[in-house]
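Next come two complexes, and both contain chain A; in the first it sits with chain B, in the second with chain C.
Entry: the complex of A and B
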């Protein structure tokens, strides 16, 4: 039982960052119909921002996370304006290829600038774990958990409670009608991509110090983000949040009780099961077609 | 049309430059280096390559080999077996190297081995420890790192002093890790020590909390871990975060203890590591002069001391190949393959002389290096008094 609860604690922490990754990706896909293959690279970008600001420049660790989120936002806006805006009316496959190109360029760029060897980031958190009875968790992980929850909350608020969010939701439901109602679609798209990118960068900024920062870290993050989005239903923020936690639980419990060698397979088994039963994902939002 | 002509002109220029490069190389002796410079093993592979460069520079400073300069052709296998095989093919067919050093990981080396047979080019294996490498009948394999069975046998002598009762394994899920779990498991069982869980982790996994939480709950007193420094750093941190108090012993010789101290901090304290080179105590190494020269060069080039336990393999690997080429009297694959059997010198971690291993008539070469057990104590590397 104690072991099980420790697995639950691990999964909750892991799930919060998975959710953060998933929300960014699902937002971009839902509203813009862009399959963002560069999502993982924005995650890596956030991690390198933290490395640059807190390790190389020696500035405050928390400040470096803020920088990473803002820089992710800017980079996202830039990618949208330069790469995606000219492709606005291109079909989904074309933009997908553009994003694959962006991913390759960014990953090789990271490799070129930082080298292939992983970097580690030290944090101001004490190395001694936080112990409650038989359970133990590092204080850095606790910080990551709460920071991720906070960011998920901010994303929710932004989408559901602000004017910008309302415009985004309208665009999601029907781009052309929204445009006719006076919504500036260009601006909505840029804001969407910027917010989605900053969420990915935030996830990287939070997880980089927990693990290590390496040029290839984006690959596995992309893979997990896609899994989460498919699990939760394309375009659904709630779905991505729950999907993130589900994937973390599947991996953690699967590795703990079935086989650690197949840890990464557990999540995908669940996805296959979900797709067989409900091909649109668990929480797909309805949208008007045509 | 004009565009087409521009492309063909460009292609001709490219071909010409390849031809020129080929001619220039006749003045040098090429040695292929097939190492992971990106991916999960990037840190280790980079160390090995830097060690190899020290050896090449040392040889060239002394006048080169057979009157020619040594040229390392270094390629990145991306920690990926498929890439490792492709790199070997490229080195052999495009660069025409007569001999290769590589490919760091066991799965990487195993992927390269069929290419060696196909093109009849020898490879000095500097790091890999899976037993399969020297027992599968590949006559072009010459290994200077200890297979895990040799490591396990050396560990057997230390065992009674560690007072273990039951051991869980947590190993990287590839030929290296699974091989180590098998070989060490056999030795432990032979000594009457219980073997509990054998947990694995993917080579690119960063979160091992699930496996560690499971191990935390068992009645074992020791965890034996096999993986490289990057994953090991995360693993030690996560074990500490979970409050695991069991003794941790690592195998494989790619732990870079100083890097663990630097990056895992207090989480590294009290851990034991089986390693094949002890640069902390140069006077106790088999060839103190060479050790001091190597460490001096390493420092002079501004490399982190932590890398020395890994990079020495690259240094010894290239020195082994150089001795082979010298004995062969020519830089041709078949001649070097034959000559490697006559190589006999003292490397940084013991005598390098190849013994026959594997099926009769198709033996691979295996040198038997020393194995040391070190401990990290209060942020320092010590030879534990047992």
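Entry: the complex of A and C
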């Protein structure tokens, strides 16, 4: 039982960053109808930003996370303007191919610049874990958990309480009508991609120091993000949040009780199972895109 | 002229081992040929039915592992203490079994994943490939996991009455690959130009309309998936017996991407497209390796892929065909009557 609760604690911490990753992708997928294969690379990009700023430049760790979030936002806006804007009316498969191209370029660019060896990031947090009764949590993990929760809260606020968020939701519901109401669709798309990218970069910036930073980390992250989005239902931010925690929970339980080698298989098995049983996702809105 | 073209191309390729003796270039031709087979099989799904299957490498890898294990033999204990021992079989049975098992997997995956379309289909197929990769990595008893299956025997073929062939030399392996390329080409051509092929194209163009005139969508899609997966499996088998070593990296997403790039560059939905695209991308590394590290080559691949989608979204082969038809149209201007009929 104690072992199980420890798994639950680990899953909560992992799930908070997964949720960030999933919210970013579900925004892009839902509003822009773009299958963003580069999402995982933006996650890796965030992690490398932290490595660059806090390890190589020796600046403050918290500052480096902020830099990663902003840089992710800028890179996302850039990708949107250069690669996606000219493809606005192309079908979903075509933009998918463009994003796969972007993924290849980014992943191998990272490999070229940083080399294939995984990097580790030192943090100002003490090594010794917090021990509460029979459970132990490292202080870094606790920080990651609360930082991720804060960012999820910011994303919720942005989508549900601001004018930009309102315009984004309107675009999600009906692009043409939103455009008729005077919403600048191009700007909404750019903002969506930038916000989604910065959330992915934030997830990488938070999770990178927990594990190691490597050029291949984006590969699996993209697919996990897809798993989360599919679990939660397309375009549903609440669904992506819950989906993130569910995937983390499935991975922890799978790794703990079945086999650690199949940890990453959990996400894929979930994707296959959900799509075959309930293709609209577990928490989908009535409308479905795609 | 256009009817003769495939025969001319075949004759040129068949003559290659006669004048080309550089083992490195021959090796490049053989691996390119193997990937062309895989790309042709992907084109059947991607180009003719319009389903972007990004898990295609799973069938390639399944073919490779099935074929290698058939010829190497294995001894596995399944769940429940059931022990399965397999003695090594002749190598050519590996090729056959690899094709069949991959085709069977294509049937199962097709049956399951064609319930969803578009982005969802893509993600299901990727997930399938990743699950298979993780199984290959973790089922060490069967696959040796990351240690790789080694000393896979080279391809041999014993035909009753015709004698015994082996494919040890690069020249002979080249002809074996070429033969499989031709067989796959003929199968795909026959399929595409049959009733089935027309049904597939109808599905691609407008699925609801196709359904409304009574085309059984799932049946044709699954048929395409089975043929496509089987051919990919044959390519995987050739790959395994050529390299004589395979590890779970054969399932990497990058291989699927290589096939996709070949198909879209050459022209999806054309018979020659994967061959043209395959030759281009098979030989880019040969040219680029002198000045570019593998990462840089991949960056070039990625940029090339984006460029092709932007500039030549239909691929090279249709672009060249259009060039020719445009020229012949200029020579024989359409009659004014036809023009009037076209006008709304």
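A few remarks follow.
Going forward, the second predicted complex is superposed on the first by the 285 of 290 C-alpha atoms of A that agree within 3 Å, B and C clash if a C-alpha of one lies under 4 Å from a C-alpha of the other, contacts with A are read in each partner's own complex, and residues count from 1 in each chain.
Heads up, the rule we're going with is that a residue touches a chain if its C-beta (ideal position, glycine included) is under 8 Å from a C-beta of that chain, and two chains touch if they have at least 3 such contacts.
Because the structure is a prediction, the values reported are computed rather than measured.
Touch criterion met: A:83 reaches chain C, while chain B stays clear of it.
In the superposition on chain A, contact of A:6 is made with chain B only, not with chain C.
Contact with both chain B and chain C is seen for A:264 once the two complexes are overlaid on the shared chain. Once chain A of one complex is fitted onto chain A of the other, the partner contacts of A:97 are limited to chain C, with no touch recorded for chain B. Of the two partner chains placed around the shared chain by superposition, chain C is the only one that A:35 touches, whereas chain B remains out of contact. In the superposition on chain A, A:111 contacts both chain B and chain C.
Within the superposed three-chain model, A:193 lies out of touch with both chain B and chain C [touch as defined at top]. Once chain A of one complex is fitted onto chain A of the other, the partner contacts of A:275 are limited to chain C, with no touch recorded for chain B.
Once both structures are placed on chain A, chain A residues 111, 261, 264 are touched by chain B and, in the other complex, by chain C.
In the complex of the two chains, the chain A residues touching chain C come out as 29, 35, 83, 86-87, 90, 92-94, 96-98, 100-105, 107-109, 111-112, 219, 223, 226-227, 230, 259, 261-262, 264-265, 267-269, 271-272, 275-276, 279, 290. The residues of chain A lying in touch with chain B in their complex are 2-3, 6-7, 10, 14, 111, 115-118, 120, 127-129, 131, 136-138, 141, 211-212, 214-217, 220, 251-257, 260-261, 263-264.
Here chain C touches chain A in the complex through residues 50, 52, 112-113, 115-120, 122-124, 126-128, 130-131, 134-135, 137-138, 253-254, 257, 260, 264, 293, 295-296, 298-299, 301-306, 309-310, 313, going by the rule given at the top. Contact residues on chain B toward chain A in their complex (touch as defined above): 37-40, 42-43, 46, 76, 173, 199-202, 204-207, 209-211, 213-214, 216-217, 230, 233-234, 237-238, 240-243, 263, 265-267.
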